[in-house]
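Two complexes follow with subunit A in common, the first pairing it with subunit B and the second with subunit C.
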Partner chain A sequence: MLKNYLKIAWKVLLRRKFFTFISLFGISFTLMVLMVATSLFDHTFGPQIPERDMDKLLFVNMMREEHSEGYSSSGPPSYHFLDRNVRTLQTPEQVSINSMFFQVNSYINNRKLALDIKYTDREFWDILEFEFLEGGPFGQQEVAGASRVAVINENTRNQYFGEGEAVGKTIEVDQVKYKVVGVVKDVPVLRVNSYADVWVPITLRSQDFNKPGFRGLYFATIKAHSPDDVPKIKDEYAAMLQKLEDQHAVKGSKLSSFPDTILEAFARTFLGRGREPGLAILYTILAGLTFLFMLLPAINLVSINISRIMERSSEIGVRKAFGATSSTIIGQFIVENVFLTLLGGILGFALSAAVLKLINDSGVIVYANLGLNLRVFTWGLLLSLIFGLISGVYPAYKMSRLKAVEALKGGSK
Partner chain B sequence: MITLKNIEKVYQTKTIETVALHNVNLHIPKGEFVSVMGPSGCGKSTLLNIMGLLDEPTNGIVEIDGLPISRYKDKELAHIRNQKLGFVFQSYHLINDLSVLDNVELPLLYRTGVSAAETRRLALTALEKVGLSARTKHYPTQLSGGQRQRVAIARALIGQPEIILADEPTGNLDSVMGEEIMNILLNLNRHDGTTIVMVTHDENMAQKTERLIRFFDGQQVSDAKTTAFDYQKV
Partner chain C sequence: MIRHLFKLIWNRKRSNFLLITEIFFCFLVLFAVLSLIVYNVRNYNKPLGFEHENVWLLSMRPDTDSTALNRQTLEQIMQRAKGFQEIESMALTNSNAPFAFSQMNNQLSYGEKMIMANEYLVQDDFDKVMRMQVSHGRWFGQQDNASHHYPIVINRAMQQQLFEGEDPLGKLLHRNDSSNYQVVGVVEHYRPSSEYTAEEPGFFNRIQLPRDEKDFYGELLIKVKPGMGVEFEEKMVKELSGIGKGWTMEVTTLEKMRQNKAKVAKVPMIALTIICVFLILNVALGLFGVLWYNISRRNSEIGLRRAVGAASSQVYRQFIGEVLVLATFGLVLGVAFAIQFPLLQVFEVESTVYLIALGIAIGLIYLLAIGCAFYPSRQAAAIHPAMALHEE
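Moving on, here comes the complex of A and B:
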């Protein structure tokens, strides 16, 4: 029976080329946008090198102080706060303190090279799984001794040294000379917690270490022993913050800071006003947007499908006359529609791959390496099926309700 | 085989009520070849649709093999149509996107327990019966009217139904083609014992059947054995 349905579906597609083009274009374009969006989402929030163990990683990026006088200020936490209060947490397996990235200049053959530099400790390299192309990370000794050593990314190596090896050579960044100890694969700029062009020991910014206050220019990257420990770390962090708040010099001030996953941090910053978890709102918005985005082409497809199916009312009448039930007819049209949307899905994949390549090559997102990975592929496939069902169920149901005699007469009631 | 008791069919719009059938009582025994005649709009096709469970009567009872049908649900009606009934329409109603063979196989797609190979074998046998073995891979649009109707008959008989309901099967055909189709139906009735109810406008065709029922304004006005029907051949 399925073979018969698919045969019919294929013939119908070939017979009405214009309708087919409109349908396939609508489906593939919608899917392409959704696939690119999914890929971007995955690229920004999903497990990616070097942040691979996402279910065990938490990041502290923000500290918000609400003063009793009514004003508030927020920004990254200070080294002082992180070193004394976060590094000393008992539950995590490891805690790293690292700076934000700063833009600095380097010059090579009178050509300016704008680079982003990040100051890190030794734990940073243990927690995150960078892919080393040459050498390795700097060790505890270099950090303790504030050695002028650097890990650079592939792009910087190629720009500064050409294609050859860089380990052991010297790179001058912001008028400071560093010995290159390692070269890593480029990390996209969207992974703000690990991204940089050049990573150097945090002790080279020791002037920041004793600055009092809660806010500064630093992040903490926390690794849990297991995913089960993540809530415990959050609880311990909240208790630590409450204790600090109680000891705060200015009574009545409120501190807000959270160890969050990347997605939680994003949702909290943009939807939770830096305090509330905005994840539920984020998911609702994303689901709503996806639904709305798919609804329009689905409605369009429904109306195209209705007119296309109406033309086939005689076929429905014949099928019913010879023993097809309403549910068999619904099944047939859903199969046909899923077939059409899967075709659209394949086209959508091809289009997505082309657009993602375009984004990667354009440099719009620095070091972007957007691709159609298995997860994105599964998403796309699922979306195609949902799309096929949404746009196929209503026309199929409507047509299946026709009495055989009405269908044979051409569908007029 | 088929019994109609006090059948009424009324089409109701907001302003007009049209009585298509009024107090129709009929019994068609197994193996009979009945023709139904009457002017256009007298309710012949409505009668056939009700017999074929394609439409519901407003009042009255349809019985097939002694079982009243009125309370059956969509699935059960579909099952009875699939198992017991075969249809031949004036405008053939073949699916143009499917080959002749696929069209003929259609009723068996909805029958459980018939393998694809068996379906193919039965379809080829049915096409052989109507003389179209050489056209299996053709599409309906590549065939003449007579050939299309023969495909439609093959489709109607593939499931070996006990009853074939034919709505003006020769209505779109010239006399030669019409004769061919009529002979196929007569053969089916005589050799396979298939009960056939045929709506027709053609008196000559009707006279070839065993029994002729005439309708006028939704009412049965006569019901008699035909004189020309060749009983010897039955």
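Moving on, here comes the complex of A and C:
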């Protein structure tokens, strides 16, 4: 039965090439835009090197202090706070404290390189899985001794040293000389928690360590033993913060800071809903936007489908006269339409692969490495199906209601 | 004729419903994207009020918390920088330097009026560094040292909002309980945040280092002689780093900062335009296909009209006319929606922007409709009556 439907669908597609082209064009471009968006989303929030075990990773990068007089300030937390209160949490497997990235200059052969530098501890390299091209991370000894060593990314290596080995050579950044101990693959700028061009030991900024106060320039990366531990960590963190709030020098001050996944952190800043990250709302907004975007091409496809199906009214008339029920006919047209959208989906994949390559090469997003993977593919497939159903149901329903007699006569008003 | 066309479309409103909705949504999308583009283009064509060529921004981040110590070092650094032959002039500023990503607002009131204005803290030489033109009054300088008011220079936008017709020179504005601002000059334009943002009210407040003992300013605008490149930059940073040991120093040109800002405005605009063009192309093709199909179904009707004496040009005009009427239905709906934006003052954008976008969108939709109907209508006009009637 299904095979028959598909056969008919294929013949119909070949019969009216112009209409087929219009439909496929619409479908494939719509899906392409959606897939590029999905890929961007996945790239920013999904598991990517170096943040691979996303379900076990939590990030602390905001601290908001509200004073009783209505004055409030927010920004990254301080080293003092993270070191004393977050590193000492019991539930996590490991906690890393690292600075946000700062832009600094480096001069070589009368050229200037604007580099982003990040100060990290030893745990940073254990928690995150960087892909080392040569050398390795700096160790506990180098961190403890505040050695001037650096891990650099591939792009910096090529810009500074030219192609070839860099480990063991010296790089001068912001008038300070560092010995290169490792080279890693470029990390895209969208992953703010791990991105940098140059990573150096955090102890080189020890002047920040004893500054009291809650706000500073540091992030914490927390790794849980297992995904089930994540809620426990959040609870422990909240309890710890509550205790600090009670002990706060200024009575009535409020502290808010949360260990979040990347998506939760985004939702929290974007929606600004305080204690609840508002993931559900974010998903609703995204789904709404996707629906709105699909609406116009879907209406277009519906009107084309109606004209196409009208042409086949005599076929429907014959089938009805021989006893086919409305639901069988609806079923057939939906199968045909889904077949068409899946075909468009495949074209869409090809197109989006090309567009993603274009974005990567254009350098709009620094070190972007957008690509199609299984997750994006599944989403694309799902979107194609939804699109096929949306645009197929109404024409099929309209057709199925044709009276056999009228249909046999060749069309309706 | 036109009434007749309206009747024809109205009678088939059910089958034309989808086409009308399509045109309606298409119009809304076009209107939204065009509003954004018109807004940005109009801003882009207005003067910035300053020149940023050969101006560099040196950002300094000290490594200690002691303001007294940092101030000492800062003054040494500035002394040294003044010694460079390659530097023409320089001025300290707050973090909201031209094309920077930060902003600083302050509430000001005059009489009954109260506005939020951007506050730019700058040193006396700022007007020379950025080549500002004061159109009325003067820039602040040494002669203001004796004044117990804080001298400020305001932009035209602020003058219009706060003082309306009055002459602002010499007017006092409340600063805090013990001091006032005094307006000493007016500049025509100042749009530092980006080429694509609208003019906002703003004023320049004077940085007077000896007076503001507790404050530290880490951004230095430097105007260098033309042709200075990385070579001088490296030399300068090396020497200044020698004075500010442990400080982080970062130099960037305002041109580079302008490009970054422009990218932030341009990338979403380009992405939206591409998506919009695709949507419209999609709709155009769909419209074309459906019109073609509809017209080919009305073969016999056309044949009959031709047989009773209608010229082919009349048939042609009828079909083009029908499509235009169809577009009009969609547009009436769309305009009813879109006109709410200027009426309700959504997003606080000038009404002109919306009206221009509305005009262009209507024009484009009609063009699109005619473009799509052109070929099918020609086909219809070419139908031979004998053939059409014979088929029936």
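In this section, the second predicted complex is superposed on the first by the 403 of 413 C-alpha atoms of A that agree within 3 Å, B and C clash if a C-alpha of one lies under 4 Å from a C-alpha of the other, contacts with A are read in each partner's own complex, and residues count from 1 in each chain.
Note that in this section a residue touches a chain if its C-beta (ideal position, glycine included) is under 8 Å from a C-beta of that chain, and two chains touch if they have at least 3 such contacts.
Here the structure is a predicted model, which is why all the values come from computation and not from measurement.
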Which superposed partner A:Pro212 touches (first subunit B, second subunit C, both, neither): neither
Subunit B versus subunit C as contact partner of A:Tyr107, first or second or both or neither: second
Subunit B versus subunit C as contact partner of A:Phe25, first or second or both or neither: second
Partner chain(s) touched by A:Thr328 [first = subunit B, second = subunit C, both, neither]: first
Which superposed partner A:Leu408 touches (first subunit B, second subunit C, both, neither): first
Larger contact residue set on subunit A - subunit B or subunit C: C
Touching partner for A:Gly363 - first (subunit B), second (subunit C), both, neither: neither
Touching partner for A:Lys11 - first (subunit B), second (subunit C), both, neither: first
First, second, both or neither for A:Gly164, with subunit B first and subunit C second: neither
Residues of subunit A contacting subunit B in one complex and subunit C in the other: none
Complex contacts: residues of subunit C adjacent to subunit A: 18-19, 21-22, 25-26, 29, 61, 63-65, 229-231, 233-234, 237-238, 241, 246, 248-252, 263, 267, 275, 278-279, 281-283, 285-286, 288-290, 293-294, 297
Of all residues in subunit A, those that touch subunit C in their complex: 18-19, 22, 25-26, 29-30, 33, 102-105, 107, 110-112, 114, 174-175, 207, 211, 293, 295-297, 299-304, 306-307, 310-311, 364, 411
Contact set on subunit A toward subunit B in their complex: 1, 4, 7-8, 11-12, 15, 314-315, 317-328, 403-405, 408
Residue numbers on subunit B that touch subunit A, as the complex places them: 49, 52, 54-55, 74-75, 78-79, 81-83, 85-87, 89, 93-95, 97-98, 102, 105-107, 109-111, 155, 159
